[in-house]
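In the two complexes below, chain A is the common chain; its partner is chain B in one and chain C in the other.
Take a look at the complex of A and B:
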């Protein structure tokens, strides 16, 4: 009863808690955007190192002062308005770096990885199905976009969907073994697929073999995405096109995944992950949710691959190997299994850090692998752990 | 196809099968005692071949050019150091995660494998280039019909067979093996019977990793080349072999290893498509086998309590 009254109190627009948490959310978003802009602008490695230190100190201080919890509450209660803040933050970043090809490419790559991470998150975070062939499904999407943009007149926006659908269909080949096996036995199925796929791409003659394939540009209503944007006095790099597109697709996918998580579908998936036997005893159709979640995940990963291919303009088997799948899994683990927001942080770390610190570029696989080992040992829920299910908005306000 | 070429393929397949089986035995031993997958096993093997290589280079640098002394040095160094490495991995990364979900162990060792691989690539002198492994065994060959059987292949096969027999004897004929089997069967009961669980686990990791080191040297001697990333594929194949055979069964692992090599050979020789597709073929069959028998050919016995 107490919780319910608190919840309704938190919902009242004039409640002081609402205002503070909204303000906290706004300030947090602004700070984060400013930090990201500074970080992306930083040239020297000392500045980057200083900023990293600042981030760690800031995060520890904020969590000590309880500010992180407050922001978490604000997100829980006012998700929609805070989504707007995050999107605005990305747009501000895009504005600041509108002429800078490389930075825009990095921001977009982060979002592509996050999109693929969302797919893995549905499979691994909600259903507990480990997919160690994420990069292969990205590859299916990317090769689909390569073949269709070069050899067909299908509108590229549709190709994104087709990439996702084909990736889901290829995933269907694995459905039977994935459904019948569990745990380690299921892991070997996806590992075998990852190696099989990479080796197939390398040895076949039709899809360009080890050299890879060129990919045509995205175009929308006759507007080719490889043109720079000029709009009156406003000029922007052509990567801005891809950034905006990816942001739109990512926002849609994010909303979809959050919806799924919060609905009874997500609840059933959680039940399947936590205890298959118990879930089956309560009448939850394990197979149905596994098929649905696995397919949805692969669809999202495939769409990410199609965008990625078009943005890069050229793809090769080396981009879609087993170690890239491992990177994807480390993003999900680093961020916090099952928490889509954690993916944003983890993808940013994994994509941007090696570019910013050229001296660690060579060591990046070593570094990320060690980081994941440490996370698994000391913080197994990831950097931003998934919260408890929040049935009543604002419930976490009171300690 | 003539008989000579065919026998060449058979010997090659047997050789690969032996290596896969030795790797798979490690996976299955670890799974037996702890119910976990030690996925860095393939990279442990690679470390073994690099330790062996360094030992050989060391012996040559000292000025001894008897190949057998070099080989013995390589074997002793690799087996001890890599056995130790296995124990360290078990102690620091596998045992602390006992209470977390089993997939976390798979992931942590997967990442640990990357750490080993990258460390060799970055910190071993010229680690990113393939190293030429000196041929230490006699290179003569015996002509049988039109086919030249290489003596070193025969020696390697016999050595591998001896290792398998030795593992069999240790597991089935010694008190240590009894303890390992007891822990594999029921760890709590084993502990109440006075078996030192932690010790048995560590010893099992030492044995499994030492066998992998042996396979690593075998790999180097057979192909005359070692490479920092050779471990990943060998690990994946060994894991697949152990799984196809049925985790926890040593004979299943050996069966799985030879089966996988047979699949690769059949894919390269007897199939209508190009031989480059042999891995595609072999892994497709592995996935199909998993769909057919979800817990391996020698099925794991599971019962679920509700």
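Take a look at the complex of A and C:
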């Protein structure tokens, strides 16, 4: 199969195949949004079970009928419309649940996890650095926002950036051991860090010890995010503020990570992951890319943490333990290593499923562990595997 | 041979692994534009020589000078930058990446790697991408026009012969001065080996300045493409000369066949 000619055939705007695929994409987006709304509304566990079954059957049927491939081709050429559909879908969901605190919190949490997942995706998916202390870097961001919102007059939007930068700086402590080790040994270094970090928070009285710290609210141009939105007849929960902000930050981060992948930087990172020795023999500076990717990843995770802290309003060391780091890694594994879209699906599964199936709350680690094992056995590249690199989607040049 | 014809000059190259002497005071010169066959039984130090020269292993003793520049203490990256590119005995392509991506890995030194260039100046990036795509395509076409139409396919889709070709393209894209080929015929049929050697001869005709050192076991290949051969045994050079000369050499026969 020739990707080039297929893609360029799909790019002709008058091609009937493209138009039907775009229509299918729109219908698919609408169906997916409807499904998500139904799922989020569902209260009885029978309904949830039925919807899960429906999702599995629907996904299998769509891929058997080749619908997924066709939509994939169409959106390879018109990627911007895909972004528009997804953002519109999230906004529709936000509208439907505008008064429902808990559901808005859940949707926003999915996006926060996805944002952190984007950071891990750069580290693990592109560079092959397994970071098992993701939750610790979320913690650095969250504690930064706690201290700075309560004890400084720095504008909260800036605090998000500072949270990311501090997280990246703390990551520099790990750089040396990570650079000196390879593969699993580097992973062990990050486990050690995760455990150290949690104990550090627990014994450190300045940071609130085991009780944790309150976090001030986000505010933009004098508008505190703890206020509910009222706009004429329109009323929405204060979580709507955080949802919109997180969506905006996530969209930026997504675009950034996409561009990293679709550049010589992403190519170099892939080469480092796949074969360090060969990469070195072709002039690729291993350290340079590892430092850059690890730092960029921790920055994104830190920003996610800062938003998360402000939204929760209160944080404690227990939020940032080793098991939370494992959850983050399982998101990357489930979704499809190296594919940012996979993160969206996996974050939704990991965040929403335990809330909807209260009976599995206690067993959620067991469930995720078996889910990850099953996926790795039967779909080793994840639910949505990463595709070939397409440097310039939608352009009329061959690559 | 005059001094200026010497591209690479290695003197006293020695490498220990613990108590094992893998390379034993090896002297070897490579001239511009020649194809030098590196021969010797298994474990005689041929691949170790490549690994030491390309900076994967450090020199225990001795030095190497490439076109007037001492590369003895250089890292793998610096040796590559100085103009030495290699292939590996076991193919080391990135199987999940496309053919084009794999060749671009070899072009690393000539790509713009800045953050702003890659992330923000996407128009300039697109131009550089297009120029590189055209260059990679032209290079692949020398080897196989059929491959040139499959630039976006993952390398895992290709048979061994094509993978070797891609690996050689990856080494050639940056226009090195010296190409090190580590047993390019390994794992291939006689027919495939023959085709690959045609390709290598075609490359030679395209780039007369390029020097090639090739590790090879198959005698027909060596006879056909090398100008000169050096034979190693237990890390020592035991013979150097034309193919006809080295196969007549007593010591070489002994190394391969055992003492008469």
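A few notes on this one:
By definition in this document, the second predicted complex is superposed on the first by the 381 of 399 C-alpha atoms of A that agree within 3 Å, B and C clash if a C-alpha of one lies under 4 Å from a C-alpha of the other, contacts with A are read in each partner's own complex, and residues count from 1 in each chain.
As a convention for this text, a residue touches a chain if its C-beta (ideal position, glycine included) is under 8 Å from a C-beta of that chain, and two chains touch if they have at least 3 such contacts.
Remember, predicted model here, so these are calculated numbers, not experimental data.
More residues of chain A are touched by B (comparison of chain B with chain C).
Contacts of A:277 after superposition on the shared chain: both chain B and chain C are touched. Within the superposed three-chain model, A:389 lies in touch with chain C and out of touch with chain B [touch as defined at top]. Residue contacts after overlaying the shared chain place A:329 against chain B, while chain C stays out of touching range.
By the touch criterion defined above, A:199 lies against chain B but remains apart from chain C after alignment on the C-alpha atoms of chain A. Of the two partner chains placed by the overlay, only chain C lies in contact with A:264; chain B stays clear of it. Within the superposed three-chain model, A:345 lies out of touch with both chain B and chain C [touch as defined at top].
When the shared chain is aligned, chain B comes close enough to touch A:180, but chain C does not. Contacts of chain A with chain B, set against its contacts with chain C after fitting on chain A, overlap at residues 277-278, 281.
Listed in rising order, the residues of chain B touching chain A in the complex are 31, 37, 93, 96-97, 100, 102-104, 106-108, 110-112, 114-115, 118-119, 122, 232-233, 236, 239-240, 243, 247, 274, 276-277, 279-280, 283-284, 286-288, 290-291, 294-296, 304, 306. The touching residues of chain A, counted against chain B in their complex, run 128, 130, 174, 176-177, 180-185, 187-189, 191-193, 195-196, 199-200, 203, 277-278, 281, 322-323, 326, 329-330, 333, 362-363, 365-366, 369-370, 372-373, 376-377, 380.
By the touch criterion stated above, chain A contacts chain C in their complex at residues 2-4, 256, 259-260, 263-265, 267-268, 270-271, 274-275, 277-285, 388-389, 391-392, 395, 397-399. Chain C meets chain A in the complex at residues 54-56, 75-77, 80-81, 85-86, 88, 92, 94-98, 100-101, 104-106, 108-109, 111-113, 115, 118-119, 122, 125-126, 129-130, 133, 137, 149-154, 170, 174.
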